[in-house]
Each structure stands twice: as C-alpha cells, then as structure tokens.
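In what follows, chain A forms one complex with chain B and a second complex with chain C.
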Partner chain A sequence: MLLAPMSSRLNTETVGIKRDAPQARPDSSRWRNWLGVTPFFLFTFLFIVLPSAYLLVGAFRNNSTGQFTLGNFLGLFTPEILSAYWVTIRISAVTALGGGLLGFMMAYAVTVGGLPRWVRTTLLTFSGVAANFAGVPLAFAFIATLGRTGMVTVFLKTILGLDLYDQGFSLYSFWGLSFTYLYFQFPLMVLTITPALDGLKREWREAAENLGASTFQYWTRVALPILMPPILGAMILLFGNSFGAYATALSLTGGFINLVTIVIGSQIKGDILYNPGLGYALAVGMVVVMAMAMMIYFALRRRSERWLRQ
Partner chain B sequence: MKAPAPSARRHVQTLWSWLWIVLGVLYFVVPLIATFDFSLRAKKDVLTFLAYGRIFTDAAFWRTFSFSLQMAFFAIVVSILLVVPTAYWIRLKLPRLRPMVEFVSMLPFVVPAIVLVFGLIRVFSGPPFRLTNTFAGTNVLLVAGYVVLALPYTYRAVDTGLGAIDVRTLTEAAQSLGAGWGTIMFKIIFPNLRVAILSGAFLTLATVIGEYTLATFIVGNKAFGPYMSLIGQNRTYESSSLAIISFLLTWAFMGLIQIFNRGRAEGHLAGAR
Partner chain C sequence: MSFLTLANISKTFGATVAVADFNLNIEKGEFVSFLGPSGCGKTTTLRMIAGFEMPSTGIITLDDMDITYQPPNQRNVGMVFQAYALFPNMTVAQNIGFGLQVRKTPPAEIQKRVEEMLALIHLEEFASRYPYQMSGGQQQRVALARALAIQPRVLLLDEPLSALDAKIRVELRLEIRRIQQTLGITTVYVTHDQEEALSLSDRVVVMSRGHMEQVGTPYEIYNYPTTEFVASFVGQLNLLPIANLDRTARSCTLAGQPVHFEHSTDRPISDTPRLAIRPEEFWLGDGQGRNLLRGRVETLIFLGAIIRVRVDIGDGVLISADLFNARSLNLPRVGDEVLVSFPVHACWLI
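Moving on, here comes the complex of A and B:
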C-alpha cells in the first residue's frame, strides 16, 4: 500500500465522500463510533472549555454576593485598564504592520524577486527558528543588543556619536518592546505569506505585460488585489501573536509596562485589582479581541483560497 | 513582447530583493552577535567562556532543564495519543464531525497562554480536582496545559499527514488480514504518519522547553523558563549565555523538523510567548 499509485488515492477520496466503502467488519452499533472521539472531547472540555467557562461565569458574577452583574465589565472602563488595552492594541498593531511589511518584502525577495534558491531555503529555516525564539531568552538577547550597554547602543554612541537613550529611546518602553517583538513577528510573516506569493502565477504577469501594463500597474491592479486577503490575514495573525505575549514583555520590562497580559499576571499572583471578578472580565476581554481577530483571519483565508489554489 | 528594458528591470529587481534580505538578515543576526559577545565578557578585558561554565556547573540548570524535558516528553506522548486516533477516527467514521474537531483544536489560538493558565489554576485548585495541592498534580496540570498549547499545530500536522495517505483502504486491507484496532493504529497509522508526528513532536519540544507563562504560575522555579528568568534578574553574563544556549536548542529542533519535512514550509509556527 505504501506504493499506492496516485489514481487509487484520487479514487477513494471521491468514493469515500459520496458513498461509504463496504466495511470489512460490519458496524454493530453507531454509539461505538462516538466512543472513539470521547477522549479528545473529554480532554478539551476539561482543559480548554472548563477554564474558559469558569472565567466567563466569574466575569458576570458579583464576587461578594454571587449574583449576576455587568459591573465587572463596567469596571474595565477605568483609565488604567483602558490604557492597558490601548497600549497592548497599539503594540500589536505596530508590530503587525512593521513585521508584516518587512516579512512581506523578504518573502517577495525570495519568491518573485529572482534570488537564488539557497537564499529561500536559508530564509525559511531561519524564520522557523526566529519565529519560535521568543520569551525570556529573546528579552536577554535584546538587552545585550539595545540595552544601555548593549552592542548597538554602544556602537551608535562611539562611532556615530548618537546616544539613543539621550534621544528618549529606552528598550524598556513601548518602542523598545516593539523592536523586540519584531524579532519573532516578521519571521512569522515570512512563513505565512510565502505560500501565497508562490501562488502568484507567472501567466498573470505575462498577460498583464502583453496588454501593455507596467510593473507598477501589474502590482497595483493585479498582484496586490489578489494578495490583499492573505496579507491582511497574516497581519491579523501577527496581531494576535503580540496581543497574547507575556513572557517577553515581563522579562524585558520587569512588569513595568502596562499591558493587559501583565495586569492579568499580577492579578493571578495576588488580586492587585482588589476584585476577582474584574480580573475575569479582563481575561474575557482578551479572548473577545482574539476571537474577533481569528474570525477575520479565517474569513480572509477562505477568500484568498479562491485565487491562490494551486 | 517584453517591457522596455528587461535586463535593466531585472537588475533593479534583484538589487531591491537583496536589499530587503540584507536588512532582514541584519535583524536576525545582530542581536545574536551582540548576545554572544556579551556572554563572553564575564571577565574584564578577556573573552572567556566562564559564563557558560558557570551555567553548566549550576545544579539548578540541569535540574530545571531535565524537569522541562520530562514535561515536554509527557506532553508530546499525550498529544500524539490524543490527536492521532481522533483524527484517524474522524476521517474514517465520523467525517461530519470534522469541522467541529477542527474548530476545537483551533481554540487555543483564541485563548492566550496567560488567560489559559488563569482559568486552569482557578478550576483545578478547588474541589473536585485539587490538582495544585500536590507536586504530581501540578505536573499533570502543566502537561495538560502544554498539550493544549500544542494542539493546533499537532492536529494540523497529523490531519495533513492523514490526508496524504489512503486511510480507508489501509484500514480495510489490514482488517481483511485479520488486524484489530490496536494493530491498525500502532503498526499502520503511526508508521505512516511518522513525518507529521516527528515534526509535531519537535515543534512541541521547541515551544515547551523554555516556556515561561504556564510554568511560572503552575510549578514555579522548578521549570527551565522560570529558571532562566531568575538568572536574568541576578546574573548578567550568565543570562546572555543562556539566551545563546536556548537559541542553539531552538535551532537544533527546527533543523530536525526541516530534515524530516524536506522542502515543506508548513508547520513551523508556535504561539505567542
């Protein structure tokens, strides 16, 4: 069977959908079929659904009286919490845009850009590593690079006479954290957008050129409209990737940046909001934002599959 | 018919492409060089591997590293045993359920790790589970959390792998030769999925080994991620050497995936940390 020819594979796939192939062993009972998926659903119920449901219920409950309330969600509208959401959203948007642009251009370079094949292979391997190099060690690496005594900081100061920290830059602030996040953001963009760029057909470009289109016209009228859904989709993926990040921000800033994940972390350690319900509402708010992002992502992906199916 | 000056345009395009690649490579490499350089400066005015020596002779390093390795191992075993039979069964017997299983396996994308650990601690610290009262209980909880984090990648890798083999014919051929479900699973399905399983396993390993968020709240400083964070707070040069070690580990795991997967770019993505 390991040597199965392509034709047999095609054949059973159509057959398998249209009518059930005869069973080698007759199925005595239908409920036994369901037994096969019980472990999976039991596990996901216990370790995904139950924890999420606990937070959701807690968010709608007054913690001293135990009654239903919307008060916890109203409590989110305080300047401090709103600012945490705002900073988190801004940092996610900035790194999604920046990482998206850099990642797209690099993916462009190795697909359409006509660079040798080995560049592509190397870039994809590198991206696989860098996209997974996040958290505590990434923070260390950027402290050694852009911290006060970091290599790049010192280099700019001694060679170019430019003192980043005098200019108001700090690694432990918004922009510093954004630069750090970019390290895992743009590789993720490279990995997600390369297949879409591979899907651009040579014929489309030739057809456009035959009709007298310039390179600029080809990109603005043909390629980019086709690529827009996957580009946006990938950027939303990047957005979600930063939005949920905790370890990198914590070890870089020591918790002194006001991100939603950091606030939740402190709330788990010791109810710093002085209201457990408010903590739950904060967490539910994150899930809502992530759910919206993912819904848009899947809608866009479905759209892009129409053109870029190979 | 070509655009006006094809060769000139090609040159501009190539130059433009190299420009972006160089920019990206600088972003990749400069922090690594800086970190490596920093890790060698534990003594004044000489380059030395002293910081590495201190890490490798630190008992806590080996203790936490082997602890995280064990947690990763159990997470990998559990997720394979959970995902492979389910994905197989769905394809064979319950294709109608597939969108639902796919949806469930994507849920971890929507629940960030910090929210997941929040919920896990609140649910499992109280009755009837009380998992957080014992060491064994916290380990179980951590492994379960890691299985959840890895679920989207494992499921997708396995499901793609199953799509490439002819599940139904294989099953029927095995059954007509008298094989039971156990034989089918372990002698036919698992071997045919080894590429998917191995890449899923190493991706899980790369994600879990230095994982911080779940580990710090569930088991504290017993795990490698929190240990690195602790070193970062007290020891400057050692933390750089840990970053380099951890980068090399990630590199090794990803390189192995690349070898299994020859040429396929998929399945390299892990979640936010």
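Moving on, here comes the complex of A and C:
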C-alpha cells in the first residue's frame, strides 16, 4: 500500500519525457562527422582541384606575356606530339588488352576455376603489391632480368642457346616497355575483376545447365554478357593506368620512346625544350583522355551493378 | 514401374553422410514434397535428381531410363531455385525462352511458348522487363515459367517460396499447385515449411539427418506419425512423461492422474515411453472423451485464430491446448483451475 504514491509519481515523471518520438542526435555530433572527412576534402582541393585548375589556366596562358592564348593547344598538333599521343594510346591499349586477358584468366582460375583457397590468397596478395609496383624499382627489376645482360637473358643464351636480342626482342623498345607494363597491369585486372567473378552466382550456371545449355552456351549467353561491363570497365582502368605511367618508361628507356608523359616532363623541366604552356596543354589533353576513360568506366560499372541488384 | 525412382541412393561429402539409403517411387503427375529441417539432405536429394550432384551409391531412373550419371543439360528436368536464379542480363521473355533458344527451337515457336507461359503465370505485361524491375514473387513466377517452358519431364522446386514474405508465399503456393494440376507435371518440392508441404502435396517425405523418416499422404503424416521426429516436427505436439504404464489395459498416469490411450501395434515405442497428444485435441471442461485432467492455467498465448493455453497439471508437467478463437469462447484467466479433457483415440505412446 505504501508503494502506491511512489509508483504514481514515477509514472508521472515518465510521461513527462516524450517517449513516442525518437530523439534527434545532438548537433555537436554532426560537425564532428564533417570534421572527420575534412582531411579528404583538404587533400582533394590541394592536390587535385588546385593543380588541375593551375594546369587549365597555364594551358591557356602565354609563357612570356601571361596573356590568354590558344597557341599552346595549337602546339599539340605537331607531328612529334601527335606521335607521342599515338604511341601512348597504342601502348596503353596493348597493355590493357594483354594485362586484361592475363588478369582475367588468372582471376577466373582462382574463383570459378576452383583452385585451392591458398592460391587465391597468394595471387590477390601478390596483385595488391604488384599493382602498385612501378617506376624506378620496376624498371631496374626488368633490366636485371631481361636487359641485355639480365639474368634471364644470359640464362637463355648460355644454357638454352636462345639469344632474345638476336631474335629481335629489346626491353627498351615498344614491346619491351609493354611487357614491363604488364607487370603492374595484370595484377590490377586481377584485383578489379575478382569481385565481379565472385558475383557470378552458382545458380545461374545451374539454371542454364538445367535448361539444356552447354558450358559454351552458358558463357556466351549468360556469364560473359553479365561480366562484360566490369571487364570493359577494368580494361579502361588499365588503359588509364598505363596512359599516365611516367617513371617506369623514363627509367627503362631514358626517353627513347616518345610517350606523352615524357614529353610533358621535358617541356616543364627540360633545359632544351622548356615550354611549360605546351606542357600544361599536353597535360590537359591527358586529363581529358583519362576523364573520358573514367566516365566510360563508371557508366559501365553502374550498368553492371544495376543488373546484379536483386 | 514408377515414373521417377530413387533406389538405394546415398551421398557422402568426405566423412559426412548427407543422404543415406533413400528409396522412393514417384508416380507420373504426382506432387511429392521433401520436408525436413536444414541439413537433413532434402536439397541434396533434389540436386541428385537434377544432376548437380552424383549419388555415391544407388540408381535414379526417370521414365524407365537410368539417369544417374546423365549430365544435367540432357535430363530435361526443370528446376526452380530458392533465389530465383533469373539471368539478370535478360528480359522476362528472354529468360523464359532461354531453354528453347539453346535447343535451337524456331523463333516463332519460342515466342508462342513464351506467350503461353506468361499467360500461365499471369504476367503478360511484364515480358520486356528485367528481373531487377520485378518483385520477388514476380521473379519466382518467371523462374517457374522458365522451368516449365522446356516442357520438362519432372519439375523440381528447391524451397521456392522461402525468400518471399508470408502473404506472397501463400498466394504463390496456391499458384504452384494450380499450375501443377493444370499441366499434370510430376513435381518434387523441397521445403522446411510443414504447412507448405501438407497443403501442396499428394505425398510428403519427412527427412531427418539424411534418412527418410516417413512417407505418406499429408493426412497420414500429420495424424499417424510413425516416429517421434515426425510427430514433433510436423505440427505441434505435447510429449508428456508417464508412470504406471499398463500396456494391457492401455492406461498410465500423467502427473498422478489416470489416462487411457489407444495404441496401434505398428507404431514403435521407445524404452522410455511418453504420451503424445496434439494441442488441438484438448478441450477445456469435461465434455470431451474419457480422459480428464485437472490443472491450473499458467499462460495464455494469443495466436490469432488460435489461443494456446498452457496448463500446469502438477509435478511440473505442462500441457499446451489450442482453442479456436471463437467469439463464444469462454476463456479462463491465468491462475484459474481448469479441467482439460481429451478422447482416448487422440493420444498415443511414443
């Protein structure tokens, strides 16, 4: 009996709190969340937006007078620079196709192919490292193995009697550079295409078989059409990856191969060809090519993700 | 000879026995369900019929032909998967026509068949939609139409309704049965949902730990379960400890209160027999049958059409009684003393 008044009071106090509506988060947590992503925005602004704007402005400015000009862009249409773009596009296309095919086959083997789990783990770990292994160390690694006096070259020559360089191969040529690029291209393909291959449902294959399809019919009518957007997307990524490569080519060929990135380097910091305005215009051209590649990639990825939504 | 026969089928994965000594004859046009909990081997058995798994031992024959080792794409067996498995890059019409297309059927014939199938599942206006633009229930109908388009000899359904919400499940269940009866197609249906199995099937195969527990019509399975597993898995069951068992007089005591039961000799009894009674066999009051128990209401659980009353009859023994939620029902309150009666034929020993 004595408890009754106390329980009444408690009830009254409980009613006093608005329990039927969820309480809004305190405002202080909102600005803390924004504070968390501030370094990202700062980084993006300082190292992407600002340099891009600087490039764009520089590309339209005369080197000596500082006045607006289209001369830098007109300068792109010289045979040497057009050839640089053409070589860069060719090497990017070749390594995107080669790396894409090689990477796809490897990713297929460790996902759909049903190899032991440790092979998959090993390949993905290696790919994670190799996809980011470019520049001087990569060039040196290839010179040490496939250069004129490289280990593999010497081994093939002395033990098997096969002289690669007599057969027309040169590490310092278009195909030599393409071969070197494959070292970071195929791992990137492995990393980007493995999730797509994992996304292929076992039931799709079984449903196709159950409906009378052969393995070939399943791949041509179901699996490859589903995988085509991510495959093409990944290849465009590979194309862009190769298109922007600089240090590996410079270290390996010393500028003998006329790539856009090497031409930009010589225009911006060169002693003889110093023309920053042209360099900026070249870089803007690259940004345009890369942006187009990325736009195609995102469009294809969105299409694939829409399909795979269940 | 039966249309589909599974003789001495077993399947092992390493040391794990997924299916053991499975024997079943299915007649043409029959609807048979494999019912059991997860891991009981029902899907593995279905996959062996489809050809996705090879039996470790035994033979599967379909229409007098040994199909045990025949590849899945040569069996002409239609299958509907739990997760629909529609091809996401194809429209509804393309999905339905896929099986005919890979068989190199003329386009005009494919179109005609697709239209027939779309009419059968009442989705004529969805022909050009992609799977992602449809609900789960619609996708599963398309999956059913796709499996039926090839005019399979047997239709296999692997828990086709388990990914759907309750209302759609009931609707589609009726739809599946209607289509099966319209086409007269031999069907094997896998489910862990007893209501699905009982409402759809001509016969039910109850499975547990890779073994067949019982095969029978839904009525037989529910009313005359032959094992404790079947009795407890299919429907609700009170399994109550007894004392003073007199097999001759068919009587015993339950929490010190006398009970009479019927016992059929074809039902095996365990070494420590217990009394089995379905909750719906109880009656509140003394108006039903010969057995009468006295107890106190412990809980009342409202289940919509049914109200489950749990009654403590002493010695810590609780019984569950299901009462129809009629407006005239005079419900006791928790703590009330009540009499619970049930007929002699309603209980049996396990």
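The rule is short, and it goes like this: the second predicted complex is superposed on the first by the 245 of 310 C-alpha atoms of A that agree within 3 Å, B and C clash if a C-alpha of one lies under 4 Å from a C-alpha of the other, contacts with A are read in each partner's own complex, and residues count from 1 in each chain.
One rule holds for everything that comes next: contacts are C-beta pairs under 8 Å (C-beta built on N, C-alpha and C of every residue); 3 or more make two chains touch, one makes a residue touch a chain.
Predicted model, so just to flag it, every value in this text is computed and none were measured.
In the overlay built on the shared chain, the residue A:Gly66 is in contact with neither chain B nor chain C. In the superposition on chain A, A:Ala139 makes contact with chain B only, not with chain C.
By the touch criterion stated above, A:Pro79 is placed in contact with neither chain B nor chain C. Applying the stated contact rule after C-alpha superposition, one finds that A:Phe243 touches chain B and leaves chain C untouched. Of the two partner chains placed by the overlay, only chain C lies in contact with A:Gln217; chain B stays clear of it. Of the two partner chains placed around the shared chain by superposition, chain B is the only one that A:Gly265 touches, whereas chain C remains out of contact. Once the two complexes are overlaid on the shared chain, A:Ala207 sits against chain C while remaining clear of chain B. Of the two partners chain B and chain C, it is B that touches the larger number of chain A residues. In the superposition on chain A, contact is made by A:Met294 with chain B only, not with chain C.
Once the two complexes are laid over each other on the shared chain, residue contacts for A:Ala131 go to chain B alone; chain C is not touched.
Residues 209-210, 214 of chain A lie at the contact with chain B in one complex and at the contact with chain C in the other. Contact residues of chain C toward chain A in the complex are 50-52, 71-79, 81, 83-89, 98-99, 101-103, 130-132, 143, 146-147, 150. By the touch rule above, chain A contacts chain B in their complex via residues 1-2, 4, 8-9, 12, 16-17, 21, 23-25, 33-34, 36-37, 39-41, 43-44, 46-52, 54-55, 58, 102, 105-106, 108-110, 113-115, 119, 123-145, 150-152, 182-183, 186, 188, 191-192, 194-195, 209-210, 214-215, 240-248, 250-251, 261, 264-265, 267-269, 279, 283, 286-287, 290-291, 294. Only residues 201, 203-204, 206-214, 217, 221-222, 225-226, 306-310 of chain A touch chain C when the two sit together in their complex.
Chain contact summary for the complex, chain B toward chain A: residues 1-3, 9-10, 13-14, 16-18, 20-21, 23-24, 27-28, 30-35, 37-39, 82-83, 85-86, 89-90, 93-95, 97, 101, 104-123, 144-145, 147-148, 151, 166, 168-173, 175-176, 192, 203, 206-207, 210-213, 217, 225, 228-229, 232, 239-240, 242-243, 246-247, 250-251, 253-255, 257-258, 265-266, 268-273.
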